[in-house]
């Protein structure tokens, strides 16, 4: 465990100049995150989150720093870890730890347990730290052990509580099974150590938790599974399926970061090229629009006939990848499915075609088969950009080794997009803390009026004038003047 | 009542040359309605609608003719009326009545009760005729009175059955109330006559009906109200909310027909002009895209902050109409709301600005106040195009008197768009007739796999190649290889 | 010759209600022709064309009516014929003949010799009338015979003067040659009659003419030929190659009228279809943009590698027609070349594909071979829309029999586009009349500052704010503050 | 002078691993520079440049490396310097110096005199080295002093020859004048040293030179001035005004690199923002298209009414900067003019608006006034990105200190764009060397058939199929089947 574990600044790099650089970036990001800043303005005085103890597990980036400081501005106390071993921006972590005043250890600094390039052991140690509120309890003269709210991304923090309590109830942590992944063994080891130290730590922690707000598809999927099995311990709000999350993050985020990543990785002219986009969901729609906007000719593939018809109506050629593979200069996947690009596809591409994935997982492109291909040679052009020399005599350029290239080759979603997601998060935390009576144990999407509120808070920054319904008009369509305006199944 | 009522060709104009012209258009439309033609190919031999007696009430256009002949090809017998007094295309009606062989009275001719420009009395007489299956019953030696299925658009046919039965149960038709509309008085009169002739006609008819498939928002709204009140007599399928209806009809239909209507009405160059689109739902999205595609600068208004944010992210200026009224050359409404364009707006427009509505009802523009304005003068430029000379000294050009200009100034949705809607209709009829056990009394949307089937049937015509999931991929995302592919709340 | 030849209203249809309808349209068109209206405002008091006698030969449309009345407002007297036997809009001709006051024969009425559907004999008779200024000379007590300026479109008026004088000098009109077209024989006959009546009529007319301003490529081509051969009798201004003519008329005019014509002709949904555009010059650029703006997938063909590369960089597939013919739903030609679409192409198209030409001449599509094809059958769907049933069993829809479909199936260029062209015309007339010393015999394009002026006069109507150079900036780039701003070879 | 001056690898960094990295990049760039590679294929055997001695002065980048090796492949010998003190990519220079074999000093290595970050003294020393062919002459046993061709970018190499000869003729180099820039003093010093060493060196060099090919506007402007004054010593080809240079480089290059630079500099979401583009020439057209393609709302300013009208017809709002300054999130200049953005504009922008220049010179934005503003504070966010805190309390983000941000914040034009420019360069060198009889002293643009050839050589890489004229078609439009296809004033 890191030596810094017991200090007030429990992250690897606590350099003040790093914190200062992070502070600069946070200040710039605040300007692009109007939703969060509006919540500070609205609730900063009332501090509705006073008393809230939030355990956060979400990529420790500059944007997350603005989220954290918003939670603090609303009265919450916060402990934070990243939800990915690589995604921490150290300067953001440093700035958050130091706090806005720039004085190390000053009150506003938030305990952060995150650095770029953690081992799995370190990662789960960090995650445990966000549940250890002993210092705060001591300062309060109170006897709680942990947080009363979780803000999660991918469900690891939620998993830890559920598994910890489960094993405490069982009285034992199971032995490692042969099929267990390395990561699961790390978790089991940590919980064995916990169980040895306390037989009811996670049970007590779980009982204090009012609920969790979850950021992503994956985490949401776990929550629905838990709820279906009857194992869910506290209410959960599914932030992922807010319109202002899913339709903005996926479509407009990718529209921005796909060409950004292509350019940083390769400097290849997009104009005039044939770009193939696998999948025409929100991610694919954003990708196709971005590539067309740069003058590429875009071909789309789809398995769902409705999305395929949408692509055709939007003017794109819709074809199977194998039908056009020898024309493709830029190949982009964003389907959410596995092995969408096979080894045969890779072997059929034009010389030095660019292969990039913007789907969530790294298995859209069958990298495993490529790596196992006799005679294939991998040459690093620069970090996250590899030329694969194929036995065919041709080469291809693979970005980020098939992982999310908008993170690996660019800088992920821009702040404005994240502001939408994170404003949903803060509103969801407020719901669980202020109105727990509305949320019996179960999984919820945010009510539509809050989804609309998230959008509303982002309009001024773009100079958007919203029209107001007259009373007559509101009555005519049967909605309140201030919304919500649509039926739940409205598709936007 | 028309003299033709008792003949085999019960419509006003039964001219054979008219029928021949209609047949030409039907043949061209068939090429643009691949979904319907595919159903003929799939089910033409099996004739799964054999025994079905369909009472249809839907605009008697060329596209509807292809729908009717598809129902017939699947084995159904059909009687048809229009659902609007103005919307019949007489050549289409003539062709349907005469039948594909072109011989008047030959078997394939379908009894059609529709002509362009009906009075309200004639309209409701026509609607009654589609429930009078006495001739068919006589031929069959059977004792049914009416249809066993309704295909409805707006709910008038369904209304007639429900009201007829209600008054039969009550034993009397109520007197006209002072607040009753002219149209409702016509209905009451018709039902009084019916009750005098038979005390259980509608009750018996209702008991034979397996269900109704409904085309539009308005009709669907009535059905949900009926179901909520417990008054719904048979199952209903809401075709309107199929994705392949609502997202195609509204968006791609308007994208086509808005500029078409503007051009036919005014011949004004759209390029370089400032166009204002009120509403950024599917209709507004299609309108804005069409106008931008013609080089206009588009400004959008919205009351829903989510849609407003979408408009901004799509690159449009979002403003209140009053803020920019003096810049607007072309004003388009498609909100579904009332008085979106007020008299003040109209008075503030540029000289000879064009005012057009593509929303469903004619009250989006406050025409009543304009008509009542002292000093305003209305000059007909050509049918459906009026210059209003205003007291300000400026004029404006109002299209279709504020009614749906894509119908009034253009020719409505193109066949390909209607093919999507109507393929949903046929599949819905099949569901009710073939699998009635799946549909207890209630209102249903079409199952997603049928929605996907509708899309699927339109792909070949556009040269779209659909990708097929591998078993591995289907398992990975947890869907059948052949779909359905998405959760119900997926937004497309 | 028509009986009306000697009357004050020498056109076929002089119906006052027709004139009133034309007046309506003229008033609406004036709002869309801000360049012409601005010239009236600028020069209406000074009347710089006082004394000018203009013989005009240009399509007698509503837009031309605004042109004529602008010339009159600037002080000119005008006589007018159409330059095409079909292109006259009778209501426009009537309105012009009657004059703005609406009183037949009132002073403002302009002698117009044009009606829709002239014979060739009538056409050339009409053209002669615009050179007969005897009535005006009598009224003036002057001895001139004809005009002192020509405004020409296609060069027929100019041809008549040159040929008339040539034959007078030769003392005889040549006999018809076997190879002479019917039209040329009509011209020779007219000039024989003229020579019989006077041996120096055209010689005297020619000597009075200060110059001609020519509208089109064809006419300009003739002028350059004449000048090269040394036969040009007076200076000529080539209006066709003004930037505000060629880059606006071709690109933005077609962008507007191509989809307009497709819609009026066929009502086929453009979205989702494969559209092929032959030629990527200005016409093709406008066509491709319009089709993409409606959601079509556009494929382009080109012979010039520079234009081909532009098309690729703009994101279009560039292919030879024969390579993709079996995918094409909509085929558009705009190349300026001959037999671009061959019979083989026509036979290879999809069933009921639409074939349309927006190039100047009707030989881009090899209609002759189609008409000669054994087994092909032509069925009129409606005027200017024909289904050709092919021996292959497929049909195609040919618009306007291969002639300019934006004229045949739509209404040609919108007024705003024509305002640019016609403002060039008026400025060119002013140049020749006011500053003849600048124009020795030869062919000129309008000086760049006038080209810029044309653009400038169209900005206010579109709400465009123009930025003004500071003196420092003008000096820095070495141009006057008020322009001209660019070197002659600048490509825009 | 650098110690390396007398070695075989006369650049600062001769590290072999640097050369290897450069070689990787050159290989990737070759795939994106099909025009140059096609010339190698066409002329590599014939070696038409055998005997050519080319002195090159042009940014020593990876793309230029491909240019240099193309010249070598065509038989030329080459010496190279950069034309800008900052623009050398050291790995490209290293790779070129080492040569394709990777063996230092091996024959293919080209003498390169360029490194990133030269002083002005070093810069002009480097430029002199490309004229010193004594080693080559010694090896040849010949008596020439210098090159027989110049390939220039900006005209510095050409200037040196002209000034050197001028002062030799005068017998003296003038004293420094008070108004002389530092750079000019450096030049004078170098030529004084040269004159002291030889009284006819530059005179002899000049007499051997067959001509120069010039890349940029600035250099071309100097050449036309020289020619006008009668001082031009040898023919010059203006590569800058080839269509495949000016219309591609400016429009499509900027379309690519503007959003790339914005993203790398700021990571700010472009979608939904208000972007202002000053200037709607080719650069502005590319910038506006790129920003719209990313979902920004674009406002354009123009001084030329023709370009302004184009912008309006393309659907952009056209406004003066001061009219909309308080709405602008992203401000882009590309006018070629000075002080387009004044201090008042900068003070009026939104908080943290981004200010970026893509015009050639760094004076489009009045940075001098900003730097002199009392109370303004400049904070470096990262290299080439500065926050300026203004006395108004707002900040702005200035990219690349107002210099070309596509170079400073991105990586300049992509290889494919440069391939067009450089293929023009090689063809121009061939013209001067192979057909000098066609080029008496004067300034020429490349003949249109070569401009077309440049385009032609870039089509295959994009999968473009070019259509071939039939003999009939070529005759019809009066051009050879193989082109050139257009009149010189055609605007594309």
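As written, the chains take the letters A, B, C and D, and residue 1 is the first residue of each chain.
Operating definition for what follows: contacts are C-beta pairs under 8 Å (C-beta built on N, C-alpha and C of every residue); 3 or more make two chains touch, one makes a residue touch a chain.
The structure displayed is predicted, hence computed values, not measured ones.
> Give me the set of chains touching subunit B intersected with the set touching subunit C.
Where subunit B and subunit C share a partner, that partner set is A, D.
> With contacts defined as at the top, give the pair, B-D or A-D, that has more of them.
Counting C-beta pairs in contact, A-D comes out ahead.
> For subunit A and subunit D, what's the span in angstrom between their mean Cα positions?
Those two chain centres are 42 Å apart.
> With centres defined as the mean C-alpha position, give me the subunit B-subunit D separation in Å.
That gives a centre separation of 60 Å.
> Among all residues of subunit A, which ones touch two or more of the remaining chains?
252, 271-272, 292, 295, 309, 312-313, 317, 462-463
> Please give the residue numbers of subunit C that touch subunit D in the complex, ascending.
Residues 241, 243-244, 246-248, 252, 301-313, 318-321, 323, 336-340, 451-453, 455-456, 458-459, 462-470, 472-473, 476-477, 483, 485-486, 488-489, 491-492.
> Provide the residue numbers of subunit C that touch subunit A in the complex, in ascending order.
271-272, 292, 295-298, 309, 312-317
> Which residues of subunit A touch subunit D in their complex?
24-25, 28, 31-32, 252, 255-256, 259-260, 263-264, 266-274, 289-290, 292-295, 327, 351-352, 379, 381, 387, 397, 410-411, 414-417, 462-463
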